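In the two complexes below, subunit A is the common chain; its partner is subunit B in one and subunit C in the other.
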Partner chain A sequence: MNPDPDKNDLTRRQFMTRAVKAGGSIAVAGAAGFWFHDSNGPGRSEEIESDIRLPDFSVPDLGPKMSIIRGRNRVETLRLAVKSIGGIENFIKKGDRVLLKVNAAFASPQMLSATTHPQIVSEMTRLCLDAGASLVIVSDNPINDPGSCFTLSGIADAARSAGAQLFLPRDDAFKPLSVPEGKLIRNWPVLYDPLKRINKIIGTAPVKDHHRSGASMIMKNWYGLLGGRRNIFHQDIQTIITELAMMIRPTLVILDGTTTMMTNGPTGGSLADLKETSTMIAGTDQVAVDAFGATLLGRSLNDLPFIGMAEAAGLGTADYQSLNPVMAEV
Partner chain B sequence: MIRENKKYSRQQTFSSLAILFILMVIGTGIFLAQFDFNPAVFQKDLFFPPTAKDKDFALTPLTKSVIALPPGLVPLTLPESFDAQNLSDKINGKAELYLSAGFISLSSQRYKDKKGSNLWIEAYIYDMGNGQNAFAVFSAQRREGAATLDLTPYAYRTQNALFLVHGRFYIEIIASEATDLAFDPMKLLAENFVRNTAAQTVAIQEKDLFPVQGLVADSIALISTDAFGFDRLNQIYIAEYELGQERLMAFLSRRQETRAAQDLAVAYQKFLETFGGQTIDANLPIKNAKLVEILETYEVVFFCGPFMAGVREAASKEQAINLALQLYEKLKEVADES
Partner chain C sequence: MNIVTTRRISQIFFFIIFIWFCFVTSPGDQWWQLRGWPVNWIIELDPLVGLATLLSTRAVYAGLLWGLATIVLTIVIGRFFCGWLCPFGAIHQFVGFVANRKKKTAAKIKLNAYHPGQVSKYWILVFLLTISAMELVVDLIRLPGNNQWLFALLVLAALALTVRHTLGQTRLNVKKTGLYFIGFIAIWLLLSVLFKANRAPAASLQIGLLDPISLVYRSINLVVLPLMDQTSLRLSPAPRLYDGTWLIGAVFLAAVLLNLLKPRFYCRFICPAGALFGVLSRFALWRIGKISDDCSDCHACEKHCEGGCSPTTQIRSNECVLCMNCMDECRHGLMTYQNAPSATGEILELDLSRRQFLVSAVSGAAVIPVVRLSGNLAGNWNPALVRPPGALAEQEFLSRCIKCGQCMRICPTNVIHPAGLEGGLEGLWTPVLNFRIGTSGCQFNCIACGHLCPTAAIRPLSLDERKGLGEFADKGPITIGTAFIDRGRCLPWAMDRPCIVCQENCPVSPKAITTRSVFNTINTGSKLMVERADAFYVEIQATGLQVDQYATGDYYCRAVSSADVRPRRIISNWERGLKVAGELAFEPPPAPGSQIEILVKLQQPYVDPNRCIGCGVCEHECPVPGKRAIRVTADNETRAREHALLLRRP
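Right, the complex of A and B next:
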């Protein structure tokens, strides 16, 4: 700061004074830093709650409906399953904007049934568009990298060729959201961008064994709407599945039990993990649909606590037979 | 002080104040921003560099492949690597199976057919720390009826995939097609890995301790933790048996010493009783054995030297006792020798 060092007329006293002041400033700054230091790091903010709420996407006054169609041809069983509960027009009206929430969790070939089959994606998209939907978005937040998952599973091609818009998650597509009665989904990032653009949501998933939860079907599939470090929820997976069902009240769900992953789920990896179970289930009660799906896996409701927990939360019935499901064979 | 102030112009003073003001604004901004922190979006990878991975199979520089590539295959994607913190980013809910068995790291990569067919193959190389851990995850996922391969002592194939243990590594090679065209390159990949990766041969001595009569082929497996729902049962070897129309299971675990085996046998018996099991008074031909009836099946639990062992899921007392006696005789030979 001194323009001419040679003319430095600083006295010894001034120098000492400045040195003491500088030392004092450093000490105060250090003490302040130490005082503010939080060795535990910031905790989760409970006070700043998101004000984003998802609407109930179900069709009012329609009531619980369910169909169970036997057959090996996915397209035919899907068509009949939807028709048996009143047809797609019951659920999708002209101008509706639809999110088709698929399971694209893994970059896995379609023959391994770890992801939603492309035929389900293309046929559901066509059904929605034929019913007058103005927009069909196909999306998921996969476990693996999204590009590979959607491409290698065949979902990307199926969606685009049928006229759907493929939405791959990106950082700015997530918004924090809370489930009002939930204890885990509090201020948690959710794939909100596609959700804010739609007024109907259709969930579709294959029936799979799951090493942690016992099964991965419709309710577990909403896990693909979560962002962030969601793997911590594996520690309490039955509760998170229940809360996911609280978060999404779907318009319609399609559970594909044409081929069931009986073992080594949710990834599988071998055709030896699969069994032809030749069943397609459509319904509005996701709890009932999952309860039936459990039978394809040979699991009881005791094996899959999330079904009972979802029923206890008032999200549907585990007694799927009480809905008098339409049964048919293609 | 007056003399000092004269050295600085008014412009310098304003500049200093402006800088201080900007610093205060930035500080206030940081202070307020920290209240928006959400651990849900905290990604540790943004802050910490990836750790060094395995030492034995470095990437081949020219191909960027985790395994030396056979002719006909080229990388489809770059290699990926995962540790215990992010394994579930790759395999989701199955991560727990590996983590509980001592998982260290996973390297994976996808390859495609050089000729441009739709075939692609993904290789997963799990470093499980030691051969026993690798056998645990191998045996836990073994597909029934799969064809054994002679690549290593523990290797098999299914229609579209190949699974093996090589030293401390558990390897899965999975194809997008179930064709002969897919099998050949999968096998070559496996052979290349085995040839180029130094590893000790995995010897599971416990498999020789199970009685041979009625043993279901390839059913011997190792459960690392929480066997049969009991959190104290770890490192438990199991084997399936078919006796007539019935299936039942034998199990054994070598503990540090006889006392530990005894304590564990007693604890497991109590665990069964806690869940409705009833210990039956029976004159068993096995020393230190208990017969428990639970859920209309029978279990025998005993210890023999350092081994805690037994039989479970037997449809009748006789079957349970007969198999347990055979197992006891085998264990007694080893216990006596040691």
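Right, the complex of A and C next:
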């Protein structure tokens, strides 16, 4: 309170200034209120259909090819397997950017064969780079901690020393994607960052027992491109494997049957789970390659419904013999 | 070079080392990740950690011996640790400087004057050290029963001392002294009888709550670096999350913001390590002081006095943090660092009265027994408290853990978290596993946490011991808990949906999760009656099936009233019919008008507690999104025999 009433007098000028300021403030507050006013409130959130589609990575007009090479030395069998289906030049041209999709699912050492063998990673990288590839990315979205998986499996070292780029999944690398003819892969997060940077894809996986689906080989290995809470797909494992094969039409696949995990898959964990089967398979038809892989596990096609389902979907043939695979030994 | 500049360089150097060590405590194979850096060095240099664990465990573990170097140096030169080395102190000094830099000189002098409340840090030190020393105290009480010879020796020594003391007195009161002496011995004997049969665990360690190094490590590890992970500067491929860090962040923020009230508030009023250094610096050979009492009393030396140790008058050496600012401020060059006492006198005694000491000690002695009345170390142990592999039995663990968060930082999968009240009040911020956060469960091939733990609360394991290989083959792997299936939530158990993600991901071989297959009849609404059928095709009378609804490979069909009720796998279906796989034909085909059933083949998971190691990979991967259908509790953990689940036969 000011005890001096004279000093409380407001001049006309002062009053006008104050009135204009007050009016301006009211106008701004009112305008802001109407500007931001939302009479409806939020509605039900609608999923936006993803428009990302993956191209067909296979080499056109090459036709299905397959080779089955017996031998224990992975580098030698791999080289011969690739050579027998026309050589790497058939698949990788100068300037190609290649994704080598490995199986790095578990933080487990290479001797337990739960992951792609590092020798395959380094040799495949070298082959691609020698054929003129400008970029080779090695990636997977593993089940265990990604850093531990790539390091312990030896894949990280093998990839880097051979000149490939290692890509560890990050949250922002996934984008929702749909498989046009699929029922399950609808707007599902997929490891898109490496996929958008490449024009060729090579899948490589070991042959492993898998209790739910029967076997984990090439087609099942694309599971490592899925993100999100993908384990929900185990409710319909045969269909998801089939849809994964629809999603990825690979340039080339390498199935490593040098050592097969006969039991306790797909994690293994003991040398007692493994069996020397000394076989390397290369091919362009992932269904045929998996169909042959089943024989290494001693499983019939009835045990692995996804092979029949993939064949029915026109993704390849379960009758690998019909491809007249090149058989050789080193 | 100016001594203050030298001190600043030292503070910046140790602060950078500290931050660097926090940075590199990241799993990975880059040069800036764990590459054998001595990341615990600053913790090990903190003698409060060494002393408190010495009291609680009667041993100085590994690198904690570095604390001896700090102690020796403090005894010789005073509280250099606070002013020159402590990274938390450096933070306080910097924030205190920024907050108060614009104040007038008189206000600064007032801020930095000695405050009688600074004694509170000694209460805290006494309180926390008493907690650590309780096991020793209880053993001392039990001495007459356990070691009569030592007891007799102590009584004789006490008698000799008393006699000598009494003889030195001018006024003899033999009767009173004798009575006190006998009374004291009698009480001791009585207590020893009372505690003779008592096996109540007494060892605990709470120093980590307020120890500055534990606090700053915990705050950087669990709050600051995870916040950095939210930006593009992230250190971990998957941003780190820690459950319940709000409290850690709040304590850290409060400690830092208290500098607005008074510079180095934490150091002056709270820090138990500072208090320990205050006690140790009593006999320091060199200290800050005046060379002459020819002083104009301008108080300029107190303008930036970090310890609030009143160098103008009688300096309190135990509060002096050797910031050396007074030497810089005094325009007459009176302040110096010397071995003679200050010319205007010094106060060496703590402001701590006997009463305050006793109250702090008695509170410290009472708090752990009171907390443990909850039975958290007895029958009421919390099964949700799953500790990392190698963690000692709970009571030993609690007598070692300093809550520094190093195990939580290094865990490659981010499953180790600071406990809230899962382990009781005394287990606050100790490591507990949370399988809902992180990139996987506790990795079977990982032993990182025990190798980083500065106090061996988590014992360093070899991979062989963890996995039960080699010389540990007969012991089996280290178990941290057991997975239990919640059959009311599990898809194949409760929902007729195939799944077994848990079985697939179980990392032990042979797997601890096995399955048994069952065929469950699907509820198709109405009964399915056969219109006509042959060996592989069955057509039903009414439409109602969705196309290929049962073509996933998991569905089967069987004729209800046939002699052959074996289920046939369905490979496709349309609205009013289905086709079964070629491996098993209907012979004979179901008769028209008879009933068929659709069955789902379910592999239902079972946990073998003999094989389960409690790693929690199954819980992490379980697709039931909310409360998982398979969850790990600490049952059967290796570290506590009384938590064993199974009867083991040799």
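Basically, the second predicted complex is superposed on the first by the 283 of 330 C-alpha atoms of A that agree within 3 Å, B and C clash if a C-alpha of one lies under 4 Å from a C-alpha of the other, contacts with A are read in each partner's own complex, and residues count from 1 in each chain.
What we mean here is this: contacts are C-beta pairs under 8 Å (C-beta built on N, C-alpha and C of every residue); 3 or more make two chains touch, one makes a residue touch a chain.
The structure presented is a predicted model; accordingly, all values stated were derived computationally and were not measured.
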Partners on subunit A (subunit B, subunit C) - clash or fit: clash
Which of subunit B and subunit C A:Met111 touches, first, second, both or neither: first
Partner chain(s) touched by A:Asn90 [first = subunit B, second = subunit C, both, neither]: neither
Partner chain in contact with A:Gly308 - subunit B first, subunit C second, else both or neither: second
First (subunit B), second (subunit C), both or neither touched by A:Thr239: second
First (subunit B), second (subunit C), both or neither touched by A:Ser270: both
First (subunit B), second (subunit C), both or neither touched by A:Asn73: neither
First, second, both or neither for A:Gln165, with subunit B first and subunit C second: neither
Which superposed partner A:Trp188 touches (first subunit B, second subunit C, both, neither): first
Contacts of A:Thr295 with subunit B and subunit C, given as first, second, both or neither: neither
Where subunit B runs into subunit C (options 21-29, 237-245, 255-263 or 273-281): 273-281
Set of subunit A residues, in rising order, touched by both subunit B and subunit C: 106-107, 109, 143-144, 148, 152, 210-212, 229, 231, 234, 237, 263-264, 266-267, 269-270, 272-273
Touching residues on subunit A, where the partner in the complex is subunit C: 106-109, 143-148, 151-152, 156, 168-171, 210-212, 229, 231-232, 234-239, 263-264, 266-270, 272-273, 302, 305-306, 308-309
Contact set on subunit B toward subunit A in their complex: 4, 7-8, 34-43, 77, 86, 88-97, 110, 120, 122, 141, 143-146, 158-161, 163, 172, 174, 176-178
In the complex with subunit B, residue positions of subunit A that touch it: 1-2, 14, 42-45, 48, 105-107, 109, 111-112, 143-144, 148, 152, 174, 176, 187-189, 210-213, 216, 227-231, 234, 237, 263-267, 269-273
Residues of subunit C touching subunit A in the complex: 27-29, 237-239, 412-413, 438-440, 443-446, 491, 497-501, 503-511, 515, 551-554, 569, 571, 581-583, 603, 617, 621-623, 625
